[in-house]
Amino acid sequence: MNSLIILLFILGGGALLSYFAFLSKHAFGQAVVWLVAIASPVYFFTQVAVGESFSFSLGGFELALGFNHYSWVFALLIMVLSPLSLIYSTGYMKSRLRLGTFYFSFIFSIFGMMGILMSRDLVSLFIFWEIMTWASYLLVIYRGKDVEHTGIKYMIFSAVGAYSMFMAIVILNREMHSFDIATVIQNFGNMNAADQWLTGILLLIGFAVKSAVMPLHVWAPGAYTNTPTSFTAVFSGGLSKMGVYGIGLVLLNLYSHSDFSQVGIYLAWLGAITAVMATFRAVFQNDAKKLLAYSSVAQLGYIVAGIGLGTELSVFAGIYLAILHGAFKGTLFMAVGAVERQAGTTDMTKISGLIKNMPWTFFAALVAIIALAGIPPVGGFVGKWMLYEAAINSEHMFLVILIFISSTAAFLYSFRFLFGLFLGQQEEETAHIKEAPAVMVVPMILLSLFLVLMGTFPGIIFKPIAAGMAELGFQGVPWHMSVLYNMWGDSVNLTYVSITFGTVFLLGLVYITLIARKGTKHKLSTKDIHTAGEIPKPEDNLNYSLDFYKPFERVLSPLLKHKLDVYYNEFGKGLEALFNFMRRIYTGNGQTYALYVVVFLVALILLSGRIFGI
Amino acid sequence: MVANPILYIALPLFTAFLVPLLAKLWKPLVRIVPGLVLAYLAIMSVVLMQQVSPEKPIIAMIAGWKAPWGINLVFTSFSGFIASLISILAFFIWLYSFGFKKVEFDDAQKYFILFMLLTAGSIGVVLTGDIFNMFVFIEITSLSAYALTAFYKGRDGAEAAFKFLLIGSFSSIMLLLGIAILYTYTGTLNMAHLALLMPQVPMHAKITSFLLFFVALGIEAEMFPLNGWAPDAYSQAPGPIAASFAGILAKAGIYALIRVSYTIFDLGDHGGFELLLVMGLITMVVSELVAMRQENLRRMLAYSSMGQMGLIMIAFGLGTKEGIYAGLFIMFNHAVIKSLLFLASAYLVYYTSRKKISDLDGFGKLLPLTSLLFGLGAFAIVGLPPFSGFWSKLSLLIATANSHMEFVLATVLAVSVIEIIYYFRVLGRLYFRKAHKEIKVRKPTWNSVVTMIVLALVIIAVGVHPDFITGLLHNAATDLADKADYIQKIIPDLFSQTLN
Amino acid sequence: MDDILIKILGAIATVILAFTVGMTYGGLSRKVIARIQNRIGPPWYQNFIDNAKLLFKVSNINHGFMQHVAPLWLIGMSVTTVLFIPVLNTGGDSWYNSWFPNLNFHGDLIFLLYLMVIGSLGMALGAGQTGNPNSAIGVSRGLTQMVGFEVPWVMALVALMIQYKTTSITGLMAAAEQQGTWLAFSSPFATLAALLAMPGMFRYSPFDIVGAPAELASGPVSEFGGKYLSTMMTSGSIFAFVKLTLYVDIFFGGANNLVELVIKTFILYMYPVLWGAVSPRFRTEQAVRFFWGWPVLFGIIALIQASL
Amino acid sequence: MNQILTYSVYGSAILVMLIGIYAVLTKKNLIKIVIGLSIMDSGFNLLLVALGYIKGGTAPIFSPAVAGKDVLMVDPVPQALVLTAIVIGFGVTAVALSLVIRLYRKHNTIKIDEIKTLKW
């Protein structure tokens, strides 16, 4: 029995099994989930390897499964992130309502993702893609919050994307007489220009929807917010990367062999604009989860920009960012989930100063935020650096500026996030809140440690990425364990950075703790603070959390006035009015119907000359 | 066992007229005997499908007259497939309606008589090799359909039935006219013989009769703008009958349409197929768009199945073998899935008078299994893997792409997005709304549950492993595509004469 | 072993130099401003005294771990940065030249840009934990202002990088040397944009919206005292030196010996100080609008010039 | 002359059909519509019989009288068709009328454009 099939079997069977197990008894269900969460990664890392393949025929189509080095990179991400968040969600899911459905869809979407990555032909790719889509849709609407709005929006956009992909697939099949991806890549250049253009663009649309590129991103914030947070970690961290994976395939494997290599640049621009706009939106969110949702869109913007730019370094940066975004955004969503579970809300105007209550969560969030902001010496910096260097080296200067604006503005929401949830005044209402259970904390901590490790030794990830780049046509990408080079030979030596900063920091820590140790009063209440003379009354609000960035909002107000999905909604309304009008065709009067029949016949007979060409 | 295509028609007709006598003996026989007969037919069709192949169709002569003089029943891979589909589906619909409504005895009697007539007629339409005979069977089917539509006195069945009848009688007139024209020029009524003599029919007559056939059968096949009767009939007929309209009546209609335009007339490549394609496209678009805005669940399903019929017409309108294959696949899926949807919806809106979609709120908790099956059907009908709907959509798109029709491709896909929207709206209401107060729930009876589960299993099985039926579909497609073979199998001597 | 020793000694020397110069400049700026406002003002070594006093203050207060380590972020950042910045030109022939090229060749501009942010983020977190609303307000203003001035500053840098096909400071300095003129002359618009962005970094009035003594009680630092504040002062003065040196290195041809360095940096330093002495404070959005006005325009011109 | 005769027969048959169609499409009264339907049917039957007629043909019955010698017979098939069509038409009309009764009981009217509860 082939190992790929066994892996798929573990996931798919686990999904069904968990559904029925939860029907019978809660404990069984938990057991099954743990089983899957442990078995699948263990099996994956021990038994499955690149190069194994399994081909079979189904419904008259020759289907083939098997990882290549490129999809392997993403598979690593999925297989690390998803089990962790599965374990996390055993602690996170408080309500036992429809748990079976939840875990079924959760595991089934993991099944879909792994399937996408291991499918070597377009049919199975599409099948797994659709499975992933509807499974994640079930999770988006799981909470039952505005199903008619957010859920349908997600489904519509996914469907549009998937079907444009579908169209491209069948047209490619017409030209190639095969669904095999390798064959398609080989013969793509031989198609006529129109077909190349059409299929490529359709595929890009299909993938861009999942990776939330403007103007197809409007589903993302709502969907990310509505999903149960333990899945949002996978949703934003892993599932959106499927789109990135596909974009990489299309741009670098198909278009690079054709005369449409410029498309990548436009996509990069779209990505950069997405990054800027989403960042600006994220800055002004009051709900931590929504903030993260927007920031995910922004980060995906970077990734797409990196891959769209299409130079060796930029693609490298893009894939690296994709992996790392999976890690840190997973951590952040887990942290938010922990807060949501313990405090009951993620509204930053309602809660504050949780650092004392949930120190571990804070630590994980802190590391992840530093990674998100791309500050050394944590892993995020590496990706950011490579992205900038790539953009500068390829002299797309305004692109650089856009990316830079968005990542500078990212500091704003990064701080807002940490401050709003964990810092600031510690109120009595939140004093009772406890740290989240271990099953939730441990995954976060693991991921954050991984991020710290990446800060100094990114080479660990560079190795598989460099191998994967070969599939995209970049043979022998150079990489070093902890030195970054750009294309002009300028470099950053991460070890020196970490050593210097670490030494100074540690020396300083010793120094600042020891000096005047007697007189140092630790952990004062946040109530006794310097208030320039006047004594705050107990009812005074000392927590600055509303309109945090009002001045910035004033600056950006002309830009923020336009929201894209407003236009989409108007469009939808117009269509529905049209349909309502069309219903009147069926007047309900039998005679009218009879009249239709006669008129139709007469019309046909009159037009028969035209129809039958005589 | 005795396996002969004639039994397909003889047995149900016989039972239909036997039922009143049986009632005299023992009332439950009225419910039981039709089931036994249909079960026999179902088993028989399995047996026959194993015997038949494109090379050797099963041809049964009535009263020993050879074609073209006698009327014969032709059980080829194509017609046999549809006939088996209909008979098996009929059996399950009987199983569903076995205890569906504890109506008083007379109604049950009528119900089963009419249902048997409907089945017999539809299978007759599919199997007969004689065009006038086909007309007669169509009339039998429509008459029983009118009566069944008006089955419930409580509802507006009569109104729907009258509209149906009004349009239906137009269809019968046109059919007869078409037949008459053909007969005047060829002097035969046997389909194969007609196909053989078709080249010598003058063009204008050929076209006129073709258009007459096209419109008349288009009415049965729910083609726009001839499908005004469909939504009313679907929404007013009893649940299982709505299912059998989708699975049996419409299938017979589309079969006749295809048989006429593929086998009898040779106009296909001169515009006949294009006409079918365009009308199918229009039908699909209009129906799906209208379905989008329905408040009434049954009407929504009705429009959606009209849309599916449009899809089938598109598939056959492509005129390629792949197209036929896709069309057959969609016919199969539509028969199974839409029946499941209608049967499930019958329980979902059982006690609500207006059958509003808004009455479905919160049924996911009240009727978990039924709602689940409905959802499964919805997933399947919009063509999400791993359900059977996906494969038919895939094959249709491949066929469309291979005949270089990007526009049709795009339209079909765009419309399926709309389909997704309105089906998922319903699902959202089912599962994520608070149930209304004082809502009465009818728990499904065991037999209907069995029926629905079997249909669902078929959907999943075909979805996971489509090779269960692809072989049959391929045979059927090859059989339909090869016209000369059909003629030669039925009237070999005449065929050879014309050849030399 | 030997060269490592040299490295460490050089590093220490650099830090001490930076500290002294920064502190002195701070004191001098106070003096200058006082004179402009027609006061006598403190002596130039006043900052040293303050720092020492704070350092040996017995009672220190913090509200939790983040505030405790916040100054360390700052000091760590400033020391690391100063070690990655070439203090003197490689061409210089003074006997002490070999001390100062510490880690210049192991980091580049983009890296520095990000390095400079660590401090302010750590600072912000520390200030956030104090729970003092003024600190939070100050932080939000500071970050907003940062978004403001980073844009023209980065535009200028990107323009230079693309023009000279290098992203490292040493590379830029080498380019300046071999073309013989300062980059200030060869690419004036970039210099203009950078110079206009500069006061935002130094946070003197009119850009002192973060501290804003009158309304925010000196904002983020308001909860810091004693050793914490002294550490901040130290790192602040080092960081001032860092910024000045960076400007001098990039735009004004670097310095071959310490004297030249001191002269250049002091002149450069007087520019924000004098501007601040005579101008009132902006509101936050005004500041951002200022930076996104002319400076950005110059930046764009610079970019276009670079791409030609 | 004969041509004119035959064509007039065809024409009249078609005319009857048109009258029926006219009635169906314009009359609001359900009864009249049903009548229109049956007029349509009969017009069509006329047409069919006329098509099958061959001048001077006898009834297509193999009686001893005509045995052996070749006499001209009218085509039997159309007549068979017509017989079937008549029967079916009768059935349809019966069903239609019963439906009309049902409709009248429910809506208290037989105006077709007032019976539009099912629409859109």
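In order of appearance the chains are A, B, C and D, and numbering begins at 1 in each one.
Everything that follows uses one rule, which is that contacts are C-beta pairs under 8 Å (C-beta built on N, C-alpha and C of every residue); 3 or more make two chains touch, one makes a residue touch a chain.
All of these numbers come straight from a predicted model, not from anything done at the bench.
Asks: For subunit A and subunit B, which third chains touch each of them?
Replies: Correct list: D.
Asks: Consider the two chain pairs A-D and B-D; indicate the one with the greater count of contacting C-beta pairs.
Replies: When the contacts at B-D and A-D are counted, B-D has more.
Asks: Tell me, please, which chain's centre (mean of its C-alpha atoms) is farthest from the centre of subunit C?
Replies: Ranked by distance of C-alpha centres from subunit C, the top chain is D.
Asks: Can you give the whole-Å distance between the Cα centres of subunit B and subunit D?
Replies: Roughly 29 Å, centre to centre.
Asks: Suppose each chain is reduced to the average of its Cα coordinates; what separation in Å results between subunit A and subunit D?
Replies: 70
Asks: When the centre of a chain is set as the mean of its C-alpha atoms, what distance in Å lies between subunit A and subunit C?
Replies: The mean C-alpha positions of subunit A and subunit C differ by 37 Å.
Asks: How far is the middle of subunit C from the middle of subunit D, if each middle is the mean of its Cα atoms, in Å?
Replies: Averaging C-alpha atoms per chain gives centres 102 Å apart.
Asks: Among the residues of subunit B, which ones contact at least 2 other chains?
Replies: Within subunit B, residues 162-163, 166, 231-232, 290 contact more than one other chain.
Asks: Please list all residues of subunit D that touch 2 or more other chains.
Replies: 24, 33, 117-118, 120, in rising order.
Asks: Which subunit A residues reach two or more other chains?
Replies: 583, 586, 588, 590-591, 594, 598
Asks: Chain pairs in touch?
Replies: All touching pairs, sorted by chain label, are A-B, A-C, A-D, B-D.
Asks: Across the complex, what residues on subunit D touch subunit A?
Replies: For subunit D paired with subunit A, touching residues are 21, 24-26, 28, 33, 112-113, 116-120.
Asks: Considering only the defined contacts, which subunit D positions touch subunit B in the complex?
Replies: Per the touch definition, subunit D meets subunit B at residues 17, 24, 30, 33, 37, 40-41, 44, 47-48, 51, 75, 77-78, 81, 84-85, 88, 91-92, 95-96, 99-100, 102-103, 106, 115, 117-118, 120.
Asks: Of all residues in subunit A, which touch subunit B in the complex?
Replies: 58-60, 123, 126-127, 130-131, 134, 137, 141, 144, 147-148, 151-152, 155-156, 159-160, 163-164, 166-167, 170-171, 173-174, 198, 576, 578-580, 582-583, 585-586, 588, 590-594, 596-598, 600-601, 604-605, 608, 611-614
Asks: Residue numbers of subunit B touching subunit D in their complex, please.
Replies: Subunit B reaches subunit D through residues 132, 136, 139, 143, 146-147, 150, 153, 156, 158-163, 165-166, 168-169, 172-173, 176-177, 179-180, 183-184, 187, 189, 231-232, 235-236, 290.
Asks: Which part of subunit C faces subunit A closely enough to touch in the complex?
Replies: 55-66, 68-69, 71-73, 75-77, 79-80, 83, 103, 105-108, 110-111, 114-115, 117-118, 121, 124-125, 128-134, 136-137, 139-141, 143-144, 146-147, 150-151, 154-155, 158-159, 161-162, 165-168, 171, 217, 222-223, 226-228, 231, 283-285, 288-289, 292, 303, 306-307
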